[in-house]
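Note that chain A is present in both complexes that follow, paired respectively with chain B and with chain C.
So, the complex of A and B:
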């Protein structure tokens, strides 16, 4: 590679990662407010983050809402993807567009809509309200991942299973689902991440009772510049990083150990292409 | 193994209500028979196979397997084994689990299941591959696993959908022999879909030739090759010279290459017909042969064991195959004398 291009690439990578080089050291800072560089180092921020109910409650809320979002998103995106890929029906293009819409519509506009609409339905400040809104945000990516995997799925294996005596349900359970499991996992992971670091909608509708972690971080920085926020940010970052690693690790290990399980990898590779 | 007969009675299939993918297909396949469906792509052979397997439903007509009407049954209740074009092995299961899958669906208990899977793998020559996954096998080995999986549960009939299409030539010929051996050993009824005429010729007890959704002719390889009933069958299988003719009665025909004698039964005078003369039936004539005709040579293609001569008898374009040992006489010649036996000329009805 051209040395100039290499230098440029490193510079861009550094620029993208720069916030982490500030936030992570700051999370170990002994200062009582957000200052950089830190005057000394301590774990006090982390201890506070994991013990103060002001932080642990939003963390638990975020996890509950994230898991709920995964559940709702997969329950909707899986049937939708099968319909989009395998059936030709009236209004398919429109249906696809509707699912992709949350990617185009500004989040703030959606948040305002949810705030007014969910207010009437008494869903504001409830887990259900936030889960529904976050599922909407997560749908486009999950559907993209699943449709990509389904398009690459060879249906003759389903026919083979049925031919060999498996009912349609057994075929799904023993053949279709296991082969597509990597795609389902990745779609679920992306849904969780989409919910876990979502702030705008949470600000509008999660309320005090159901505050998520990003909302609490926003409150903290606005009200008192609580340095615990840097520990929260670092934790959020590590969790997302861990999620991505969990997904990538098996592929990396497999490639290193030199076994050739090509068809098994295909699903994951397709979805990686769709996700990038 | 329990072989069963298969009967198709007036089976029709249309996807759009206008174009017929299968047009009044009727066929009787005897128990233990090896029948090929031969035809170009889009001729309805695969559609017909899919209807037998249950993945497509006939618009009308009846399909019976032995005494059982199966056209209303879902695929998993038909007890038919199928080998797919791309093998369709389960990528997430080992070879042993792939082969045992149909037994698992039938609730066969563990010991019995393992014994029968092992036997089936032995039949296709794949002992010791149980723990592998399909992606660790070559194409030919995957094909054998697919075959073992299709016969392990002793189906009433085995369907093969262009199973050798993805293999290279040497392996394909080897697998043809293997398939025939398995067919002979097990005595199972087999239906084999292919667009490769030599494959159909070498393997089949009978061939059903498909064209535009219809069966043009059903017959033994020799009947199909030497006595085709339609012009399509004559031109689709093998190389052919088809000569327009009008009858003079008593098996004599007036053609552009003169009066041709045949052994066909008498037909009405002046009725139109077409005569089939395979290129290898035309032979170089001795100088003294009274039936000889002069043929103009336009070009030749040398295959070593035979020479394809492309030329004209009068105005009629003719292809002739000369055995390699005789072809040396034709070196550089622009004309030759040819003849054929009247019993070799076939009249297409």
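So, the complex of A and C:
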């Protein structure tokens, strides 16, 4: 490759990566304002992040809401994916569109819709309201991942199990489920992240009582008064950094041993491009 | 006797799809329809909310600002992402892995973390202002809370989407085509322009569509980093919920935003087919 293109790509990669790393030194800053480079270093921001209820409660709320979203999304998206891949039925295209719709409609529009609708149903400022909304948002991604995996599933192993006398339920438990478990895990992970990172709907419907971490961060950035936001940002960024490293490590190992990537991972990275 | 179906959990698709269909109808379609209903019924039934928007010069300037930013961000994201995706698709495996890791890192990092990072970088006591003062700008220009800072942050946030769309198409382009053009006498420049660029066009279209649509409805970054005077459309919907409590007008603006978004999707669907957009150029 042309060395000029290589240098240009490196420069752009620097522009993409570098701005985010600034949150790490900032998180140790002793200044209350956004001074960079920091005038002095301290752990106060981290201590505050893990002890002040204004921050610990949103973190716990976000985890609870994320896990609830995973549960609801998988319970709905797994059967829906089986229907979409294995059956041809009247209204299938429409059903597919319905599942993809949450990815099409702008989140701020839904935030207004949920604010008014859940206000009437008294679901504002409750875990349930945010979980229901986030499950809708997580559904398109989860379904895309699951249908991609299901399309590559060889059904003859199911037929073999049934020929040997297994009931449909036993077949699912002992054959179908173990084969598809990686896809279920990836879909669940995407659902969790979709909920954990979602700021706009949570901002308007979670309220002060059930504030999520993104909502607390949004308000901290807006008010520019609480330097704990730096520790929160650094914590989230380091989580992503660790996640990317964990995801990369087996790839390096596998490359050395000479095998290729699994098709499922390819599907997941492809569909990841469509997440929003 | 009817042939037995081998579907393992249940017979037929209805019990499989019904839970998701009912759930989305009740918790997605109904609130969405509620926005539509509020836009024509608050405070009284009629189209007066849309009339107010039509005659509002403020709303016209918001629309202008939204479209200008969306076009600018899309063009800039393409400009940055194209060399990145090209190098990842055509470089050595190690280099490609490095570039894609950087993109993944940015992709998975929360918008709020990146917003905070830009506030530090562009702030009054940040490194860019310090650099500008050192270069002799006195006083250093205000960077934060301007259209510039919002555009920069949105471009940075959407580069990963654009790169992934481009990369998924580029990695399938057979390098033999470009080599064939060059062996037939085309300069590298000409081979790129007449062979590689057209072959990567589906990725450009996909990436631009996704980025443009994301931009139209972007809330977090324009609100936190942008100029309060030059708001975008999502920002003024938020204002109706938080400040003026005018849900009729907020719903009408939401319907306009939804309509614009759907129009872009419809345009894409008309020419390329929607299933390709999410498959990242597959099929």
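Just so it is clear, the second predicted complex is superposed on the first by the 238 of 276 C-alpha atoms of A that agree within 3 Å, B and C clash if a C-alpha of one lies under 4 Å from a C-alpha of the other, contacts with A are read in each partner's own complex, and residues count from 1 in each chain.
By our rule, a residue touches a chain if its C-beta (ideal position, glycine included) is under 8 Å from a C-beta of that chain, and two chains touch if they have at least 3 such contacts.
It should be emphasised that the depicted structure is a prediction, and the values quoted were computed from it without experimental measurement.
Chemist: Between chain B (first) and chain C (second), which does A:223 come into contact with in this model arrangement: first, second, both, or neither?
Modeler: Neither partner.
Chemist: Look at A:162 in the shared chain and tell me whether it touches chain B only, chain C only, both, or neither; answer first, second, both or neither.
Modeler: In the superposed model, A:162 contacts both chain B and chain C.
Chemist: Tell me the contact category for A:204 with respect to chain B and chain C: first, second, both or neither.
Modeler: Once the two structures are laid over each other on A, A:204 reaches chain C alone.
Chemist: With the two complexes superposed on chain A, say which partner A:178 touches: chain B (first), chain C (second), both, or neither.
Modeler: In the superposed model, A:178 contacts chain B only, not chain C.
Chemist: Once the shared chain is lined up, is A:77 touching chain B (first), chain C (second), both, or neither of them?
Modeler: second
Chemist: Name the chain, either chain B or chain C, that contacts more residues of chain A.
Modeler: C
Chemist: Check chain A for residues that touch chain B in one structure and chain C in the other, and list them.
Modeler: Looking at chain A, the two contact sets intersect at 159, 162, 168.
Chemist: Could you list, by residue number, the parts of chain B that touch chain A in their complex?
Modeler: Interface residues on the chain B side: 53-55, 74-76, 78-82, 84-86, 88-92, 101-102, 105-106, 133-136, 149-150, 153.
Chemist: Which bits of chain C are touching chain A when the two form their complex?
Modeler: Interface residues on chain C, with respect to chain A: 6-9, 12-17, 19-21, 23-25, 27-32, 34-35, 38, 80-81, 83-84, 86-88, 90-91, 93, 95, 97-99, 101-121, 123-127, 156, 159-161, 164-165, 168, 188, 210, 214, 216-217, 219-220, 223-224, 234, 237-238, 240-241, 247, 250-251, 254, 257-258, 261-262, 265, 274, 277-280, 282.
Chemist: If you look only at chain A, which of its residues touch chain B in the complex?
Modeler: It is residues 154, 156-157, 159-168, 170, 174-175, 178-179, 260-264 of chain A that touch chain B.
Chemist: Per the contact definition, I'd like the list of chain A residues that touch chain C in the complex.
Modeler: Per the touch definition, chain A meets chain C at residues 1-2, 5-6, 8-9, 12-13, 15-17, 19-20, 22-23, 26, 33-37, 72, 75-77, 79-80, 82-84, 86-87, 89, 92, 95, 98-118, 132-133, 135-136, 139-140, 144, 155, 158-159, 162, 168-169, 171-172, 176, 193, 197, 199-200, 204, 214, 217-218, 221-222, 224, 229-230, 233, 236-237, 240-241, 243-244, 247-248, 251, 255, 269-274, 276.
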